[in-house]
Amino acid sequence: MPVLNDEVPDEGDYDANRRRGEFDHITPEDFIRGSGHGNPPGWLDSGEITRIRRETPMPYVVVVPVRVDDFGRISKVGSLLCVSEDGSVERTLIAGRVLYHESVREAIARNISKDLGDIALPTLPQSLQPFTVAEFFPTPGISPFYDPRQHAIALCYVVPIPGDCKPQDETLDVEWCDAQGEQLTECIDQMANGYGEIVRRALAWAGA
Amino acid sequence: MPVLNDEVPDEGDYDANRRRGEFDHITPEDFIRGSGHGNPPGWLDSGEITRIRRETPMPYVVVVPVRVDDFGRISKVGSLLCVSEDGSVERTLIAGRVLYHESVREAIARNISKDLGDIALPTLPQSLQPFTVAEFFPTPGISPFYDPRQHAIALCYVVPIPGDCKPQDETLDVEWCDAQGEQLTECIDQMANGYGEIVRRALAWAGA
Amino acid sequence: MPVLNDEVPDEGDYDANRRRGEFDHITPEDFIRGSGHGNPPGWLDSGEITRIRRETPMPYVVVVPVRVDDFGRISKVGSLLCVSEDGSVERTLIAGRVLYHESVREAIARNISKDLGDIALPTLPQSLQPFTVAEFFPTPGISPFYDPRQHAIALCYVVPIPGDCKPQDETLDVEWCDAQGEQLTECIDQMANGYGEIVRRALAWAGA
Amino acid sequence: MPVLNDEVPDEGDYDANRRRGEFDHITPEDFIRGSGHGNPPGWLDSGEITRIRRETPMPYVVVVPVRVDDFGRISKVGSLLCVSEDGSVERTLIAGRVLYHESVREAIARNISKDLGDIALPTLPQSLQPFTVAEFFPTPGISPFYDPRQHAIALCYVVPIPGDCKPQDETLDVEWCDAQGEQLTECIDQMANGYGEIVRRALAWAGA
């Protein structure tokens, strides 16, 4: 089934050379929510993405989903359980590239919706100033962040999720760890490729 | 009527030397929402505050109330119409000092509640990293910010207000200006003592 | 003359598929400073860049060069006078894409060096948290930022320049405007494509 | 010996009710550098400070001194060895209150100078946006930060120190730990009252 999802793009998807006008005949929901209604125009096919990923850094967004109390303090930190390419289950965060002609805010909303479903009701940030910039290199060890597919430059945001989560696509489940407990340390340690470091920086920024 | 309000403190109010435990017999609502149930313990009287204000900088919070759209973008900026000490009406923001033993988050929540009422449902920030620090001096011209009563160091936050506003105490009304329109420039120009500059910095930070 | 410069890449330049090791036989200066010693390996040719620019957002850095006083306050704001593609002179900031396998810090240093020369002695930021993220779209009017060539996502930094500037390549000159004066407003108004807005946000962030 | 130092104020010192003009007859160095030339006017005496510290939160600055490389990356983190009130040696950071009528930038410069001497040549931040706000309460356990004397609200900054350090007053020595090594963890663990947590947040913010 075609999905708006940069991890498993379908043949024939493309976003090369598209103009804004090409989105005129689809509803915003097709674009932003992006599930189950077929592909929007302007989606790069799998081969193209792979090629570009070896040629230029890819702009990414990474979202640390959290539950907050009435005072805005982080009470729980979310992480995703996903099926990785080799079939094993891995713990990670919400992450995805910014599409051509897509705003960073749209990319945040789309990727949250893709992983958590349409009723997560995220509280998007008022400013695009990220709490950190994570540089994923295709070579391990250059930075704390590693992505074998590409050089990705990720703007990282903490996003409160007050609604219900309905994991979908490759996301099997969302787990919420208490921000104060020891379970969180375990959870962070289970994240590969530097995602745990992003959670650590998020907590330091939030003062949690 | 006694209120938890640093602008019109009642005789006998104090917060010197109080310990956390002194709040044990009042409900959190007395402390945070602070209206109509009598004074909590630990409130400084008017003379004491005046004296301290001439001796040490006062830690303050300033809140720019905003309405945001589904993508977190600021759509409207709020400002307060208040009666000033000389009886004229002035346009300003939500501002107040941090009380002894009060957290910055509690101060933000209390001051919003004091000006906008109990059902404003503010979305408090996840991080205490302010978008700017405004230094109000009792001498005009040293900085863009001026407060004849004191030297105040204000941590400034943008806070989305999704709920209803019921202005109270000295606050006569809350006005919402479109973030894109020319009305906002007028609104900013009407603010005295540097509050307009705080709104300008908030909009620059938010990319609005 | 071959230069390490993404505006006028030479035929045969490439950076596709390169690995870190390919830089082993050149000195860091070739890579970072990048002038006069021929091209480093791994540079994309002009046609490739043009193609990628129509397919995916390009990660960029934008630098607002400033002079600061002993207290870190911005005293002067720099802007570049450059020859644009149509031969006219335009006022702009230091901006350039992040290369494949290059860190954001290296991109900042390289682009400053490219425009201001090797003895500008920039004070690079301690954190990669940018003061703003500017989204340049190839369609005018979607955001305050416009780039006809591409969709660029620019991390924006204020960088003090205590050293001497020796403008080179397309940069004709660097002009320094007093941060407090009216000249700065003129200077900002002369910048096209949203660069003036970046300066405004930089000044708001810096409290200048 | 009289020093401009809020830890050991001399009798007769005061800063109550002072106006800017009262500094007219002393040189900026007296005020900012503050060592060896007698007390400037406007300094609160010891009893007054103690009293105010029990009545209102005190605005503070905390500085994490660092050494940085050419790319702005933190290479070493500094910490102070000081004699505490009970005579033992403790490891801490540069910290001090903001004086009445003093700007936050002046407070940062003065406190660095007080602890590290006049030739430390600190690179003060361009923006007053702190990387974190540390709330020190006089009751342990309310936050990670504890100060038995007072409720202090500390704006925290990372400040590169390229010059030489000449520790003075209560500061016995400055130690520099490699930002990457295990020694840093030890160093952080030796800091009491939450200062280690401030260093952790500084490193997270800086991506170190």
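Chains: A, B, C and D, in written order; residue numbering restarts at 1 for each.
In this section, a residue touches a chain if its C-beta (ideal position, glycine included) is under 8 Å from a C-beta of that chain, and two chains touch if they have at least 3 such contacts.
By chain, UniProt protein names: A, B, C, D = ADP-ribose pyrophosphatase.
Model, not experiment: these values are computed from the prediction.
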item: Selected pair, out of A-D, B-C or A-B, that shares over half of its residue contact pairs with C-D; value: A-B
item: Distance between chain centroids, defined by C-alpha means - chain A (ADP-ribose pyrophosphatase), chain D (ADP-ribose pyrophosphatase) (Å); value: 39
item: Interchain centroid distance [CA atoms averaged], chain A (ADP-ribose pyrophosphatase)/chain C (ADP-ribose pyrophosphatase), Å; value: 28
item: Sites on chain A (ADP-ribose pyrophosphatase) at which at least two other chains make contact; value: 103, 128-129, 131-133, 205, 207
item: Chain contact topology (line, ring, star, complete or other); value: complete
item: Parts of chain B (ADP-ribose pyrophosphatase) lying in touch with chain A (ADP-ribose pyrophosphatase), wherever the complex brings them together; value: 66, 68, 70-74, 103, 105-106, 109, 123-129, 131, 158, 160, 205-207
item: In the complex, chain C (ADP-ribose pyrophosphatase) residues that touch chain A (ADP-ribose pyrophosphatase); value: 15-17, 19-20, 44, 48, 52, 54-59, 97-104, 128-133, 135, 137-139, 142-143, 151, 153, 155
item: Footprint of chain A (ADP-ribose pyrophosphatase) on chain D (ADP-ribose pyrophosphatase) - complex, ascending; value: 132-133, 200-201, 204-205, 207
